[in-house]
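Below, subunit A partners subunit B and then partners subunit C, in two separate complexes.
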Partner chain A sequence: MKKINLILKKELRTTLRDKKTLITILIPILIYPILLIFYMGFSQVVQSDLTKNESLLAVDNNVPHDFLVRLEDDPIIRVSTVSPNVDYQSLEDINARISFKSVKSGEMYTVHYNSTLEPSQQSANRIEEHFRDYEETIKSTQLKEANIDYEFENVVTIQEEEISGDMMSRVIAMALGLIFPLLIVLYGIIGTYTISSDLSAGEKDRETLETIFSVPIKRFEVIIGKLLACVIVGLLSGMINILALFPLAYAITTNIPELSISISFPLFLYLFLMLIPIMILTSAVFIGIGFISKTYQESQSYGSVLFIGFIALCYIPLVPNLEASSLTLSIPITNALLLMKEAFLGSYSLIDTIKVLGINLAVSGIGIYVMNKLFQSDWVVFGGKS
Partner chain B sequence: MNYRTIISIIKKETLTLLRNKKVLIGILAPVLLLPVLFFGYMAISDITSDESENAISQIFIEGELPVALHEEIWQDGRIDILKEDKDVDLILRYSLNDKSHQFIVEYDFGRNSGIMARDRILPAIENYQKEQQSRILEKQGLDFEKLYPAKLTMEDIASQKELSGYSMGNIVPLLITLFSLMYVLTFAVELTTAEKETGTLETIFSIPIKKVELIVAKLFACVMFGVVSMLLTLGVLWFMLTNVMDTNGMLVSVDLTTFMALFINLIPLIFIGAALSIGVGMFASSYKESNAYMTPLIFIFMIPAYIGSTPGLELNTVYSLIPIVNTTLLIKSVFMNQLNLSLFGVTLVTNILFSIISLVFMFKVFGTEKILFSNGKGFSFRIKRTAIEKTTFMEAEDVFLSLAVVTVLFIYSSIMLANHMSMFTNLLFNQYFIFAALPIAIIWYLKASPKESLGLNIPSARGVFGAVWIWISALSLAMIYQLSILPFVDQVPSLLELEQQLELLSPLAKFFIIALTPGVCEEILFRGFALRSLENRIGSKWAVIITAIAFAIIHLDFVRLVPTLLLGLAFGYVTVKTKSIYPAILLHVLNNSFALFTPENLSISYEVFVPIFAISLIIGLSIYKEKIPRFKKTNLHKKIE
Partner chain C sequence: MIKVENIQKKFYDKKSGDIYALDDISFDVNEGEIFGLLGPNGAGKTTLLRIISTIMGQTEGNITINGFNSKNQPEEVKKSIGFLSGNTKLYKKLTPVETMRFFGGFYNINKRVMNQRIEEILSSLDMHEFKDKIVEKLSTGQVQKTSIARCMMHDPKIYILDEPTLGLDILTSRTIVDFIKKEKENNKTIIFSTHYMEEADLLCDRIGLIHKGRLVEIGKLEELKEKTGKSNIRDIFLFYIDQESVVL
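Moving on, here comes the complex of A and B:
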């Protein structure tokens, strides 16, 4: 253990002494909040721009006055009346066209719009909203006249409620449960990817491996020391990213006090716990690849393919309707993300947690075994010159 | 420039790149991985949708449901009624009070199983509701037909071609823009950092070729590889979309001319990406380092591309002036068959202009031996202050690190402390502690000269006079900008809030909080602390530009980004010319007072501000044309002393 600790300390010191690695790890703290704030600022501008847009409507001149007035009273709608014979296509600068027919059973309105044109779709939505209002008024007038309005509305009432209390906060918790774990794991993986090549192929480049082997230390100890250093940097990188997102999370949680997820210490601990096996797994794989490659550059290129694979596993929980099931919980990395999402929703299952940790650790174990085998072989480590 | 030399270098670079495993993997990996990921995603989403479709919804019913309804729910094979309310997807609470049936449907909005159970049970209850209501209506001789006499039909006139273009229009433009910018990154690193790491750059410079030739060749090699890999990936995507997802309609809308038009527009974008990443790659001396620098660059590319793909956003004059955003929107407009030729032109010109700026940046970097072959001294921060040596100016790295720390602290303080302090206390705290006290403390800690590092020199009268003209020109330019964006942009809500709070204060308090405090504190940070040391370490031009960008960013206001940048440039220029921080403080206070006390109904127009801008700029520049002497104590002063 002492020797492993020695190697770990050496690796951590070299890694953290390198200011570039530090920058890579720390940069999100600065970049995220700035980008988020600017992004939100821009979206605000865009959104206000979109809601401000006026709708230009062409309406048949025989449309009943009661309905027409509703449209005309809306300040963001401009109505021009046209003859029923005029075709929509022939009208210029019009977002939607309302044609009207009076039939035996009542009034027939048809809205012509183009759903692929944003202003047109928006106008159609506005018309529909006004129509629903109009419909409601006719209905309630009739019910009142017959004096059955109370009875009609109350004979059957249906109310939907969120089991945990507030609906909005539940939806936000779900969204955060998807995004937060994804970012933590993603940046954790990026962290291990960044430094693993330096710990393995980098040593080959610098030809320092021979020196290490000349001291009385077992190869397995060297490899575990390196692995732990890589895992720690990965965890650090993941955690720093949570920290960088903290202002945003804080702003959201303080604005919605009833938010049912408290971004609490146990939650952090749980995320951390789930992250550890993933970091061991990716570190083992990346370091193993580093040993096969001859140079730092080569190790990064092989690693990049696996990196994409790992990322793909991280994105699986974003598939709509995907939830923790026996199938999904057996996919490494994906399973941890799914349980992290559950944790955000406030449910922790001990059995699932043990199962997922077990699966991920077992896969990591295989990774470490292969990595160790590779490292034991001089042919692999020194590129054939045993 | 000798074109033959350039072509032979391009050939050499192409060969090296093709021999490079990383490059080959970079080109081929997407081609191989995309189909795997694509089919994997489809398979998983098929399995999960089948799974959730076939899953049994477990519900608990409280109360005696009406028999008919209970039967209907009971017979639904997808629903399992449990006897306990533990581990259920949905709880249905029923009660009957005085002929009124009340249903409360409780489920978890955050889980698919909850939503699925709701979707299965609600139609039955709604049917029951309709039946009951029909009975009441019947008694009065009414029915639902009479209750809702008006019918609305929504008729979408969009053609199939338009519809498929629209569905593609939100994701494909984003991908194309991102691909064209990001692919060049890998190649740029190989062409720059790799040469630095292997130390071959010196060898290349020893043979008789010009730096310009070398860099142009590298740029073209980079662009060439970028285009090829982008086309390859797009080809794979196209193949999968047309053959797997049956979206043939989309292809019809992109004819050859449009395709060429798009391609022409993407070229400047690829040049922007290549030039910026080659420039940035040159800063790095190792692969590891290049990773650190490329991450922010990737973010800078990604954010505008994502903004451009916001649903509902369409290309207009303002957006066509923002690079990357404009391209994403332009491609989108092509997909929706709404290509506007004049906006296409504006976008093309904007992107060409920005690619020229990026090229200038790249050439500048390449022309600087300092960046190419040597590293700065690095941070001087040490845990023990005694280990730090005395100096006049701080190192550039120290300034960058400090600016980053100040920005982070400022953001965290304005978000986290905002709930615990009033708006103005928070503002004053940020200004005095973070913007003023912290930089002064850093200067003390690093043992730099406070007088020189902050620029505490008394300026000459001519220097101050010129400064006022420069400010007027910057202000007029900011006004012109405001005029041009006014039709498109609303006022920012946070500013509106600030204005409301300000109404409650006396003019003197307003002046103190909004004009004087920021004028002094922000200038201490930007034109004192940051600008003076950077000017000494990396030259005045870069120092002014960098501090102005930092100044604009720290205001955290998207709409005012450009005006703040202009003011930052003006203040920086004045400080460099007068070698003193005082004129900048004066101008900043003047500027904020102007914004604070100008009547709201003051009409601004191009006719007024364009001439003011031109005249004041000419006067300001001509005053500064000659060297501005430092303030000298006159003989009279000396005699008195």
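Moving on, here comes the complex of A and C:
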């Protein structure tokens, strides 16, 4: 164990001194907070604009006085009266216009606004609120004059209750439950892919394998030390991603309280647990490929094909209506992502978790076995040069 | 000290079938002796030294080093030897001190002895100036000194040196030659391969000539001169290579 530890420490030390690897691992720390700042800043700006900005309204001078006074009393509405003959397009800096005509049934108002412009849409909404109040006041006065109880209108009362919760919130929760684990796993795989070629084919290129084989250490110990280094970098990459995502996920769930997602420590612990076998599997495969390859570039080329294969497995859970089933839970990597999604939605299954961990660890075991077999061959390790 | 018996190394190639990199090689090296292995490129020197060092396994034959069998006790063999070759590269992101500490860690050397050993080697090879610079920033000579330091860490009884001066300039080569001479004074056993005839002439007690995977002659330089009637090692070498070509 001491020798494996020596290899592991050396690999980590040399890996973390490599700027390329460091940048790859640390990118999420930079990207997610920037995204978070944008998200927070943007929503704050939008919110403050919407609530504080004044609505500039052009109101035809034939609009009834009672309604006009209502608008003028609103502190965030500024009214300019215009002649009904003036064209709306010619009015500058106006968010909306109200025109009026009397009809047989009563008063008819037309609101002109541009729905593609947020201030214009906001002004139309404010006008609508005033219309509702104004209409209620008129109705109430007329009913009172006719000596009819105002409540007679409410013959039927309808109360709606959505038993599946807010649909939109659920859709957002599902999307986050798919995207967050996908990002975490993808980043972990990128971490293992980044350093595996360096640990295997890179050693061949630099001709340092002969050096390490000249000391009293078994090849199996060398390979396990390398595998652990690769797994740790993958996990570190995934962990950094989880930690960097935390504020973003927290901000989203705080801003949308109806979301059925609980961002908690056990959730992150669960994500981390599910990530471990995936990192072992991808590390073993990438390192194995690295040893078969004659050069670092060759290893990167073969690795990129496998990388696409792993990404494909990661994307399977995005298929609409795909749920955890015996079939989907037997597909390595995909199974873990499906359970991660369930965990995001607050649903944990101990049996499925054990099953998925078992399947992924078994496949990883096969990967390690093959990798070790390759590493025992002089022909593979010394690239056939001898 | 080193007993090599009937070593054969066979590789399989899809196109060519079985390839014999080494065929029936046998020789002994005594304690305190410098044994030179001479041969042209591709003769099998590197493969033979890798097999002796247990870096690579043999197809047939036995090797005993310091009383340990290379097949059954590879770790004990590795503890007895220090392996260095012209191709032995170091980890570029480690400093010389970290390199020594890393490789020393495999020999169960306790911390106090390790620190003392590092200090001794740094002084003897004059490495203090660059001991904390990472290897990729060192000059060729400084890298080669670090390589020597690496294989000296466990104070081995035997050194196996595969073309240690290959591609080095005259000053850097001198560091290696001085190191070999100094270790000879310390009664260390050394096998080294080279195709620099003058080097072999200068350092070796006995010489083995290897060609196309076979050991074609072995003996002291004087004995070989007498046998072949040649006055220098270069001519002796060419004599045997020509003779082998005629036979083959």
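Heads up, the rule we're going with is that the second predicted complex is superposed on the first by the 239 of 386 C-alpha atoms of A that agree within 3 Å, B and C clash if a C-alpha of one lies under 4 Å from a C-alpha of the other, contacts with A are read in each partner's own complex, and residues count from 1 in each chain.
Throughout what follows, a contact is a pair of C-beta atoms (placed from the backbone, for glycine too) under 8 Å apart; a residue touches a chain by one contact, two chains touch by 3 or more.
It should be emphasised that the depicted structure is a prediction, and the values quoted were computed from it without experimental measurement.
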Inset, instruction - Give one of first, second, both or neither to describe whether A:207 is in contact with subunit B, with subunit C, with both, or with none. - result: second
Inset, instruction - Determine, under the contact definition given at the top, whether A:131 touches first (subunit B), second (subunit C), both, or neither. - result: first
Inset, instruction - Mind working out whether A:3 is in touch with subunit B, subunit C, both or neither, as first, second, both or neither? - result: second
Legend entry - First, second, both or neither for A:115, with subunit B first and subunit C second: first
Legend entry - Per-residue touch tally on subunit A - higher for subunit B or for subunit C: B
Legend entry - Touching partner for A:194 - first (subunit B), second (subunit C), both, neither: first
Legend entry - subunit B versus subunit C as contact partner of A:296, first or second or both or neither: first
Legend entry - Those residues of subunit A which subunit B touches in one complex and subunit C touches in the other: 18
Legend entry - For the subunit C and subunit A complex, residues of the former touching the latter: 9, 11-13, 21, 46-47, 50, 53, 55-57, 74-76, 78-79, 81, 83, 85, 87-94, 98, 102-103, 105-107, 134, 150-151
Inset, instruction - Would you mind writing out the residues of subunit A in touch with subunit C in their complex? - result: 2-3, 6, 10, 13-14, 17-18, 206-208, 210-211, 213-218, 378-379, 382, 384, 386
Inset, instruction - Would you mind writing out the residues of subunit B in touch with subunit A in their complex? - result: 20-22, 25-26, 29, 33, 37, 40-41, 44-45, 47-49, 51-52, 91, 99-114, 118, 122, 125-126, 128-129, 132-133, 136-137, 139-140, 142, 145-158, 162-163, 165-166, 169, 194, 284, 286-289, 291-292, 295-296, 299, 303, 306-307, 310, 312-314, 336, 338, 378-379, 404, 407-408, 411-412, 415-416, 419, 488-490, 492-493, 553, 556-559, 561
Legend entry - Residue ranges of subunit A touching subunit B (in the complex, touch as defined): 18-21, 23-24, 27, 29-31, 33-35, 37-39, 41-46, 48-50, 52, 67, 88-89, 105-118, 124, 128, 131, 134-135, 138-139, 142-143, 146, 148, 151-152, 154-164, 167, 170-171, 173-174, 177, 194, 198, 247, 250-251, 254, 296-298, 300-302, 304-305, 308-309, 312, 316, 319-323, 325, 327-328, 345
